[in-house]
Every structure is written in C-alpha cells, then in structure tokens.
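Two complexes are shown next, each including subunit A; its partner changes from subunit B in the first to subunit C in the second.
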Partner chain A sequence: MGKSFRNSKFFGFMILAVMVLFFYAVFKFLSPSNFGSPANLFSYFQSSIIYSVGGCGLYFIVVMGLFDFAVGANIVLSSIVGVILSEKFGYAGFIVGCLGCGTLIGIIIGMLYNRLNVPSMIVTVGIMLILESVAVFAAGGVKQTLAPELRFFSGAPGNIILAFLAFALMWFILNYTRIGTYCNAIGSNEFTAKNMGIDVKKYKLIGFALLHFFVGIMAILTVSYGTTMTALTGMSTMSRNFQPLMGTFFGVAFRKYGNPISAIVIGEFIIAIIFNGFVALGAPTTIQNVVTGAALLAIVTLTARGGRGSVIK
Partner chain B sequence: MSVLLKAEHIDKRFGITHAVNDVSIDVSAGEIRALIGENGSGKSTFCQMLCGIYTIGGGTFTLDGQVVNVKNQVEANKLGVSIIVQEMGTLSGLTVAENIFLGHEEPFMSHGIKNTRAMIREGQKLLDAYGFNSIRAGAMIDSYNFEDRKLVEIVKATYMKPKILIVDETTTALSQNGRLELYKIMDSVKADGRSVIFISHDLNEILTHCDTISILRDGEYIDTVKASEIDEDGLKRLMVGREIGSAYYRTDYGKAISPEVVLSVKNVTVPGQIENISFDLHRGEILGFGGLSECGMHEVGKAVFGASLDRSGTVTLSDGTAINDIPSAVKHSIAYASKDRDNESIILNESIRNNIVLPSLDDLAESHLLKAGKLNHFAQEYAEKMQTKMQGIHQLVSDLSGGNKQKVVLARWLGKGSDILVLDSPTRGIDVKVKQAIYALMQELTAQGKSIIMISEEIPELLGMSDRILIMKDGKINGEFMRSESLSEEDLIAKMV
Partner chain C sequence: MPGKNILEMRGITIQFPGVKALDGVDFTLREGEIHSLLGENGAGKSTLIKCITGVNKKDSGTILLDGHEINPSGPNEAMSLGISTVFQEVNLCPNLSVAENIFVGRQPMKHGGIDWNEINKRAEELMNRFHLDIDVTRPLSYYSTAIQQMTSIARAVDVQAKVLILDEPTSSLDENEVQLLFSVMRELKASGMGIIFITHFLDQIYAVSDRMTILRNGHLIGTYNIDELGKVELVTKMVGKDMDVIFSLKRAEVSPDAPVMLKAEHIGDGSKIDDISLTVKRGELVGFAGLLGSGRTETAEMLFGAVKTVKGDIYLDGEKIEIKQPFDAIKSQLAFCPEDRKRDGIIGDLSIRENIMLAVQSRKGFMKPMTRQEQTELADKYIALLGIATPDCEKKAGELSGGNQQKVILARWIAASPKVLILDEPTRGIDIGAKAEIQRLMLEMCRDGVSVIFISSELDEIIRCSNRVIIMRDREKVAEVDGASCTQQDILRIIAEGAA
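Moving on to the complex of A and B:
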C-alpha cells in the first residue's frame, strides 16, 4: 500500500468501518437473538449521536491541549434552564435556553481560564462544582420534565436532523473558517502560533464558547431523549464528561486522515455497539463503567498510541 | 547600492546577559549579507528582533525608509521581513497550504468564510513554481519528512517576496539538493534588488554565497568585510578575536592504534536502518563514522549505546559484558551525545547543575542521600573544566547557546568518567572557538586511554580527527580508511555515494 493511500481519508474511514464490522460480528455471534437487528442498530445510533455532538464540541479544545470537566454539569444546567424556559416560551424557550445557557457558560469558562492563567482542568473542576449547585437552585430541588408536546428531538427524525446540523456546523467551522486552522496551530506549537500573529487567548475563548454551544445542543438532545433532568451535586455530573470525550479521542486520533467528524460519530457508534453488546449478553448494568473504561483504554491504545520509543506523558 | 535596511544602536538584554550591545549595521539592496559569530554572539537575537520574535530592547531598524518595530512574524511579513529558522518552523495538524498561508488567510476569506479550495490551489501553484512538485498543498504536513517541511517553510517565507529574507542556520537541516534550492532562491532575491541576511557557521558556504560579511562577538559589532577580500582564517580571527591556527585539527599522523579492543560490535542490524554492522573499537582510538545523512551512521551510535529498537547482533565490552540497553551502557562507562542535542541529550528546562550530575547521582550519593553542596561542587568543577560560558551552575540550560549546551553534555560524561564516548555530530551548529575546544578535549581524552566513536557529517572533521574512518552507505559499511596525510575528501565521497 502506498504512503499516500495510508494517509488518505478513505483509509481512515476503512479502519473505522472494519472496527464497526468487527465488534458487530463478535456480539452478533455471541448473542444472535438479542443483539444487532436493524431496529437495534438504529437505536444504538440514535443514542450515540447525542455523545457525538458533545465529542465534536470537545474537539475544539482537546486539539489545543486543553480539557474541560464542566461539560456534564453544563449539560444538566442547560437542560434545566431550557425546560424551565420552555414552559413559558415553548420550543423557542427550550432551544434558546439550552443553547444560550450552554454558550454563556463556555464564554465564562474561557474568560476565567484566560484571566486566572491556571490549567484548564483546575478552572473547569471549580466551574463544575459551581454549576452543579446553580442547577439545584434553578430546578428548585424538583425533577424537571419536558412537556410531551415539546419532544420533537426525542427520537427520529428530530434528533437525527439536529445532530447532523451540529456535525455540518462543525465541518463548516473546521474547513471554512480560521477557527479550525488556528485551534490546530495552537495545539501544535503555541509559541509559533503566537509568532504567526494568532491571538491565542481569543481562540482559546472561542474554543470554550464553541464547545459549550455544542454542549447546549447536546443538552437539547439529552433532555429530549430522557424527557426529564434532575440536578445533582457532589461531582455526580463528572461521569457525563467521558462518553463524549471518547468520541473526541477518536477524532484526534483520526484527524491525520483529514476528517475528525466522521471518526467522532463512528467512534461513538462503536462504543454504543460494545455497550449494548454487553447488555445483550446479560451483563449487569454496572458493567457500563467497566466497558467504558476498557473501551477507552483499548481505543486510545489502538488509535492514538505513540510509536515505540516515543515519549508519552 | 542604496541602503535597504538600517540597524542603528540595536540593543537587547536578557537579565544580566547583554545579548546584543549597541549594534549598527547597514544592508544594501541587492546584497547577500552574512552574519557570523560564535555561539552566543547575538546574531540570532539581532535577527529575531527584526522579525518580531523578540521585542527590540533599544535602537531602531529602518527598512526602506520605514521604521520596523513589530510584535510578531506576521506583522514583520507585512512590512517585508521574513525568516527561515533552524529548527522545525511548520505546525503539525495543519495542511501544507494552511502552513504556507498561516496568518495570511485574508485573500481567501470572504465574510469570515475561508475558500479552502482556492487556498490549496494557490499553495500548489506556489510549490510547483518553486519546483517542489512532489509536495501536495492539500496534504497534512505531518505526512512529510523534516526536509520537505523545511522546503514548505522556504516557500512560506519567500512567496510574498520579502524585502529582507533572513536565513538562520537553515542549511544544516537540508540535504545537498535542498541547499542548492535555497541558494537559488537567495540568488533570485538578490537579483530582484532585495536582500538576504544569512546566518551560518559554515565559513566556506558563507564565502561562496555571500557578498559581504558582518561579524559579531559577545553581542558587539566587530566589522563588515567583503567576501572576496577575506579567507576562512581571516574570518575565524575576526570571530574569535585571536588566531585560530594549525591546532584546529590534529596534526599527528602515523600513530599506531592500540591492539587492545575495548568494544566489539558484531553483526548488528536495526531493521530499516542498519544492516550487519561489525567493527572493533580500540583503546585510545578516535573511530570516525561518515556518510550521507540517511546512510544509517546516526543509528550506529544509538545501537552501541543500547538505544536502538529491535536491535539484533551483539555489542560487547572487552570483558564480554553485553550492552543491550542504556542503563547497562551507562553502568559500564559508555557515554552518548546525540545529534539532536535539544531533544535527546539535554534537559532544556533544567539547570546546568542538574544536567551535569544526572548520570552520576549514584556515585555522588552518600548512604543513598544527596548533598546539595557536593552536587554543586561536582557540577561547578566540570562546567569550568569545559569552560562553559554561564552565569552560574543554577542557570537554565535553555538560556545557553548551542555550543555551551554541547559543553554541558560533554561535562556530564566527563564527570561520569566514561571510558567510551559515542559523539554524534559533536560540533553541529557550533562556532570555531568551541569546536577547537572540543577537538582539544577529544585528544586529551584519547591520550588518557579513552576511546571515541565520532559520527560526523563534516568530511574535514572526519579527516582531521579520526584514527580510522568507516564510511557507510545504505545502512552498511562501505569503506574503511586509516588516518593518513594523503587521504582526501574525494576518497571518502567516492565511498559515500
């Protein structure tokens, strides 16, 4: 195989397709009756695209070498704000509430990160704790339920349309604006990027704002899918960070093939297949964390592992 | 010729270091001006102020009648100043076209939307025009090797037709073909009535390709001379401030090599790098390894030091001890100085002291405890022995010039008392004064019975310093030469190509 083929988009796509087929075949073989019917696959896909949207948002900051622990907390808060506003303003309130709250939190995180000059991980852990408490106040300690007449995004085609609009937006930003180029440049070498006249602080702020705009979309899909949202404290939103992040890892690992978005979407679908495959095998619910952790390690090892002798930190 | 660039009283301090001290230089239009000096003489700092990498400490740059005081390279580009740097200047994760136009996307933007296809088309047009057709503008830059990426950087720095092009020690990163391309571009800049500032330690290259030469020493301006009116010795004298004469290389010939073998390499293969390499290293010998840059000679150094992956074959000491990994190499008195000094030999963000004591901590510990005073004394002793130019042993290595970094590397192994030294490109990017000091040290060490494997891309260095030379080609040893006055560069080249 030629070097150019091995670097092509097609080759990257082929690897992902082989992974999908492999995991599908394994679980179909082990559990032929409970796993993998067309209806099941469609269901896995619908749940995976919710995380894919978050994965797309996270890509903007992960590629710059930053991290965000407040994603889960913002999903909860934005969902609650959206549901509360939907009670007065219908769909407009729901959508604007989720997107507006999400984006505003992103801007605040970006500004704090730039202003405090401390690692993004520390800033976002602090913000996560604050957001969890704000969400409890906003919800008034009550489970927030989305009205039945506002559940267009709870299933197909609404959820798919919205998710694909988000993917299209990400594709547009990466390929047709400066933002994608500059985020990659900052991640590659921040000092050189500065010397190229790139306003690094501005683009980090934009990165956080974009991430949380996508988190706002994820909040719409999440609360529509589950129909309710409960505010919890004690870092319980932390677990919501990792599933979208796994898609981002796929995106970062496959960006060398030129299209991280398909890698994020297919990567999340692979994780959904693995998770549902174990469920079909009758593994207990708690297996989710084991599977999530194992899948994360396996994926990163297979796709993003450094060459032999390379320095890994 | 009219003056294109006027630098007046340029000054820069880093803490107590006076890096550039009141330097005034005029560069004429249509001129290739070399800027030379020892490591740490201030030439790179001078240029980096001109192109916005450093802020100007004092004085004024005037380019074509306009004062230049820029904050970054893009602003410098807009005023007509471009630079090609020594190390990697392209950014991973971007396409070739995005790298070429980074910071200059405006022609491809319309209402905030980037015309990616037009950018790639324009990038490819430029690459084709430069003759770099094999590089694809739409491909990720990561899919190209160091040299191709350097060629992309050359396009990036020159496509806007800068009034002043700065070439900062770039040629060491390029093969002969790449160098020829760069020289052609420099000539075309000159022919257009624009100017080049060329920084290099290769005096022969400077005399061949430059019109005039400005010399800096310890941050101060010394003189400007015409290339046609001076020779290498004259330049060395101006750079160093004293005569660098015949003692530059060894002058002894006919010295018998000791029959005692201290290290034996048998049938060593590293897949894709070297194949079936066998040789013996003798006590007190300088064994030179030469060849074209991709011939595998650099891997030989790593293989001897136990740093190669998937190595087969054996590396054994005279007592039969096998060297298969780095810890056993260090334990058995083998030292290694990599060609990639900044990434593989020194810890940039650590102090000179910590770099020097690193492999000797076990020896310096008392009951497993380290005493700061003892470490300081040890580091001070060997840093001074190597005449390292420093503010103190607690200074960060990242603040040092290339030559002084190399002195720290050598001080480390000197302190460790290593008996076998593997020195890969020991004088790469190093000025003549430090070169002379390193050559003198090598002779001193071999006189003490220590043995050296010297891997070098510089043929005069191989001829001047080695007792025996092994020439490599395509991963194999292709020729062996004993030290001799009659041995010529042509003899070695004939075995390299």
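Moving on to the complex of A and C:
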C-alpha cells in the first residue's frame, strides 16, 4: 500500500467505518434483540450529532492547544436564555438567545484569557462556576421548558438540518477562511506563528468566540431534544464537557487525513454506539462513566501522545 | 565591481545586564553579495542578527537600509521592510502544507475566501525556481529537512526581500542538499539580493561567500574579502588569545602504563556522529578541541547517554557497559557537566544543597534517602572546598553568579565520586579567577585518579590542562595530539585544514 494512499481522505474514512462496523458487530452479537435496529441506529445518530456540533466548536481551540471547561455551563445558560426569550419572541428569541448568549460568553472568555494571561483551563473553570450561578439566577430556580410549538429542532428533520448547517459552516471556515489555517499554525508553534505575521491573541479570541457560537447551536439542539433545562451548580455542568471533547479528539487524530469534521461526526457516533450497546446489555448506568473515562484516555493517548523523550507535564 | 551598500550598521552597541553583547560594531552588506558573519559562541552574531530584525533593541548606533534609517520593532516589521530571516531550526508549521507555509499571514483572497488555486500555483512556481518539483499541497512534515529549509527560503524570498539572513541553514543538511542551497543562494545573489550567511563550517564559507565579518566577544575584529584571509588566520581571529592571563597550573602526570578507564569503539548516534573511537586513561585529562558544531558536545552526550548511541561499544575500567540513558551513566560512575549550565545543568529554583545532593542521591537509590543533616554536611563541605560564594547552602542556585553556579554543578558530580568526569565548556562565560579555580579543581581530580574529558573553545586552557588533545572537525575526529608538545598553531592548522 503506497504512502499516499495511507494518508488519503479515503483511508481515514475507511478506518472510521471499520471502527463503526466493529463496535456495531460486537454489540449486535452480544445483544441481538435490544441493539442496533435501523430505528435504534437513527436514534443514536440523532443524539450523537448534538455532541458533534460542540465537538466542531471545540476543534478550533483544541488545535491551538487550549481547553475550555465552560462549554457545559454555557450550554445550560444559553438554553435557559433562549427559552426565556422564546416566550416573548418565539423562534427568533429562541435562536438569537441561544446563539447570542453562547457567542457573547465565548468573546468574554477569549478576552479574559488574553488579558489575564493564565492557562485556558483555569480561566474556563472560573467562568464555568460563574456561569452556573448566573444560570440559576436567570432561571429563577425554576426548570425552563421549551414551548411545544417551538420544538422544530427536537427531532428529524429539524435537528439534522441545523446540525448539518453547523458542519457546513465549520467546513467553510476551515477550508476557505484564514481562521482554519491560523488555528492550525498557532497550534503547531505559537512563536513561529507570531513571527509569520499572525495576530495570535486575535485568533485565540476568534477561536473562543467560534467555539461558543457552536455551543449556542448545541444549546438549541440540547434543549429542543430534552425540552427542558434546569440550572445546576457545584460544577455539575462539567460532565457535559467531555462528550463533545471526545469527538474533537477524533477530529484532531484524523485531521492528517484531511477530514476532521467527518471524524468528529463519526467519532461521536461510535461513542453513542458504545454507550447504547452497554445500555442494551443491561449494564448499570455507572458503566457509562467508565466507558467515557476509558474512551477519553484511549483517544487522548492515541492523539496527543508525546514523541520519544518528550517531557509530559 | 562591488554593488552599493544595501544595509549599513554603524556603531551598534547592545548592553545586557552585566555584559556588553555588542560594542560599537560596524557591518555593511552590499547588493548582490553573500557575506559570512563569523565568530565563536557568544561572539555577538545572533545579537547582531536580532538587532537587524528588531528582536533586540540597540542602545546606540544606526541601521540604514537602502540609505534610510530603520528601527524595526520586530521580525514582522523587518520583513515588511524587506529583511527576511531563515533560522537554523526550520521556523515553519509542520502541520500546514508547503504552500500554506509560504503564504500564511498573507494569503491571496478571492470572493471573500482563500484563493487556494493561486496559492498552490505560486508556491509551485517558487519551488520550481529552486529546482524542486514537489507536491506543495502536502504537509511540510512529509518532506525532508532540506525541502523544509527551502520552503523557509521560498517564503523569505517571496516577500520581496532585499536582505536575506540565513542563520546556520546547513547544519542539518547533507552534502547534496548543501550544494542545492548554494545554487539557490547564487541565483538570489545574481538577482541583486544581499545575503548574510552564518555557518560554523569553514569550507562552506570559502565555497560561497564574497566577504566575511568576524566578531569576538561583542567586538568587530574585521571585515575581509574572501581571498584576503586564509583558514588558519580566520580561525585565529575567531578564537583569539588572551596572552595577559598566565596560569601557573601544571597538567597532571599520567604514567604510560596507567590502565584505560574509558574506551569508546566506533560509537555513533545515527545522525550527527557516525564513528568515533577514543580512550581515556585513569587520571588522564583529555581535551576536546574544535569549532562549534564540530561534534565535541554530541560525542560527550553519547558517552553520558544524553543522546542514544546506536552503534559501537563503550568500556569502563575494562568492562563493557550499556548506557541507554544518563541514569545508566551515573550508576557506572560517569559524570557530565553540560555545555548550557542554565538549561541542562543547574536547577535554579532549588537550593545549593538540593542541587549538590541530586547525583549522590541518584547513585545511592531513592530507597536510601539522605537525611537533611547529611545533605547539609555534604553541601557545606563542597561549598568550603570549592569556595562557592554564598552565605549558606540554602540559597537558591539560580541566584548565584555564573562561576559559582558552575562550581555547584562540579560539586554535584565530585560528590558522586565519578570515575570519569566529562566537562563541556565548564569555563564559558565566567570570570578569569573562577576559570583558574575550575581548572585547578579538574587537575586535582586527575591527580586523585579521576579521568577527565574537557571540552573547551579556548585552546590555551585546553593545551595548558590536557595530557592529550582530540581534535574534531565536521563531526569527525581528525587528529589526536600530545598535550605537552602541541601548540595552538598546530591545533588551529588541523581545525582549518584537516588531519595532521
């Protein structure tokens, strides 16, 4: 097999397809009646594309070597803001509320990160705690429910249309704007990127803003899918960060094949198959956390492992 | 007929805390000229380049580009003025394509999006100009270092540069790649570009340069036409001599039948060093002479396991030893003071006591921890023995002067009772008194039976202290001479011209 084939988009896609088939076959074999019907698979796919949208957003900052733990908190806050505005302005309030709140939070995080000059993890953990409290205040301690007449995005085709619009936007940004190239350059070597004329701070800010714009889309899909959103405190939103992040890691791992978006989408689908496979087997729900943790470690090990002799901190 | 001056630097002075990095240096570059900038480590070459590119701010002096005074605030502004730099390490993004790397930061746009067709077409044209027929859409990491270096140059050239600075561009290229680079340099020169070329390879200077400027210790030694100065004179001017300082040190006596303590046979690291063999007798001091980049440090790092040895054998006291990492070397009682003491030697945030006890504790094993009292006693003993200027052993090592930091590193290894001590530039950047003190310590250790490998750029101290001198050139051992009978001229001649 030639080196060029092993680096082709087709080869990368083939690896992902084989992974899908492998996990599908394993769980279908173990639980033939409860797992893997076409209807089940479509359901897994619909839930996975919500995380894929967040995964696409996270890709912009993860390729720059940054992290964001405020994603979950922003999903909750943006959903609540969107639902509150939808009560007065209908779909316009719902969409603008989610996207506007999400993006605004992203800009604030980016500005704080640039201004405070501390690691992104610390900034976003601090922001997460603040956003959780703001969400409780905004919701007034009450569960927010999306009106039944505003649930176009709760299922097919609305959720799929919106998600694919987000993927198309991501594809355009990565391939036809400077942002994609610059994010990759900054992730490769920030100092070099600066010397090549890239305004590193500006593009980090853009990265955070774009991430949280996608988080706004994810908020629309999340609250539409679940129909309600409850504000939580005590870092409870942290668990919402990891599933989109796993998709991002798939994207980072497969970007060398030139198709990070399909890797994010298929990667999230693989994770959904694993989750639902365990559920079909009757495994306790706590096993999901084990799967999340194990999958996170496995993906990070494969994608972010340092070279021989490198110092890992 | 010489071209007009394209870049003129007059009376450039740059002062860093405690040291004058450049002292009234003049430099001129002509249109259509390749001008080598030469000097040993610390001579001021990098500082001068950083001054041209705006990384270092000058304290006094003027820079004229095409007759107009410039004061670039950084590499980007310098580039916009027409001064491009290609660094030794490829300073591009390996995960971007060749074409992206050439145009990143200034991509042509079409209909609000990046014009990939234009980028790829122009990148291909540029690489063809350098006689390279490659797929410019592939990631840079896919290609060899030579092509990556050419991509850097293509980027530098495409910004309409008037001045191109090539900082050691050949250090990781093979001979064919060097020739390809030279042909590109000659083409650029023919097009009227002024090129500043920095290298430590003497043959390359004479192969491609029109003029050369030599710096030493921040001072301008002179600017010469290439046919005006022979290799021996060039090396003499680069290395310099300090005749005012005369030490009364005497080299250690080694009996002819003293046993061999360290023997390396045909060792190589698979990249920089191909085949080196050497022996060091018990109580002998072997000096390593050669220019920077000649392979001295790489050989020392292989012996200590800091760089993996992929071929050859190492014997200690007659027994073959396996050194895969520094820990193995320490266990075998080898010690190594690295060239860059701040980066690889001293741990500035730890106290003197902690720095000194590191190697001893490593040898004892961490199942046998030293008590605090033992550590303090050990540190105090070596502070007194080596005359480390400090109020107590709890002072942070990073707060000491360079000479005292070097003594702390020496103390660390002496305390570990090594059989072989490898010292890479232990006297660099320290005052003359501390230098003499460190040389005295080395010789005392030899008299106590320790074998010492001593690497230094200063030939006078190499000759003064060494029983034998191994001379390195272009990453090969080219000669081995007797320390007692050789002269600086002998060594300079071998460095310049090859084997004796």
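Here is the rule we go by: the second predicted complex is superposed on the first by the 298 of 313 C-alpha atoms of A that agree within 3 Å, B and C clash if a C-alpha of one lies under 4 Å from a C-alpha of the other, contacts with A are read in each partner's own complex, and residues count from 1 in each chain.
Convention: contacts are C-beta pairs under 8 Å (C-beta built on N, C-alpha and C of every residue); 3 or more make two chains touch, one makes a residue touch a chain.
Predicted model, so just to flag it, every value in this text is computed and none were measured.
Q: Clash or fit: how do subunit B and subunit C relate after the overlay on subunit A?
A: The answer is clash.
Q: Quick one: classify A:189 as touching subunit B (first), subunit C (second), both or neither.
A: Touch status of A:189: both partners.
Q: Touching A:233, do we find subunit B (first), subunit C (second), both, or neither?
A: neither
Q: Is A:178 touching the first partner subunit B, the second partner subunit C, both, or neither of them?
A: Both partners, subunit B and subunit C.
Q: Pick one for A:37: touches subunit B only (first), subunit C only (second), both, or neither.
A: The answer is neither, since A:37 touches no partner chain.
Q: I need the one stretch of subunit C that runs into subunit B once the two models are overlaid. Options are 243-251, 441-449 or 477-485.
A: Comparing the options 243-251, 441-449 or 477-485, the clashing one for subunit C against subunit B is 477-485.
Q: Using the superposition on chain A as set up above, list the residues of subunit A that contact both subunit B and subunit C.
A: Subunit A residues touching both partners: 7, 175-178, 181, 184-185, 187-189, 192-193, 195-198, 255-256.
Q: Within the complex, which stretch of subunit A touches subunit B?
A: 3-4, 7, 63, 175-178, 181, 184-185, 187-189, 192-198, 255-256, 258, 308-309
Q: Subunit C touches which residues of subunit A in the complex?
A: So the residues of subunit A touching subunit C come out as 7, 172, 175-178, 181-182, 184-185, 187-189, 192-193, 195-198, 255-256.
Q: Of all residues in subunit B, which touch subunit A in the complex?
A: Contact set of subunit B toward subunit A: 52-53, 71-75, 89, 91-94, 98, 102-103, 105, 109, 112-116, 139-140, 142-143, 309-310.
Q: Hey, which residues of subunit C end up touching subunit A in the complex?
A: 75-76, 79, 91-96, 100, 104-107, 113-114, 139, 142
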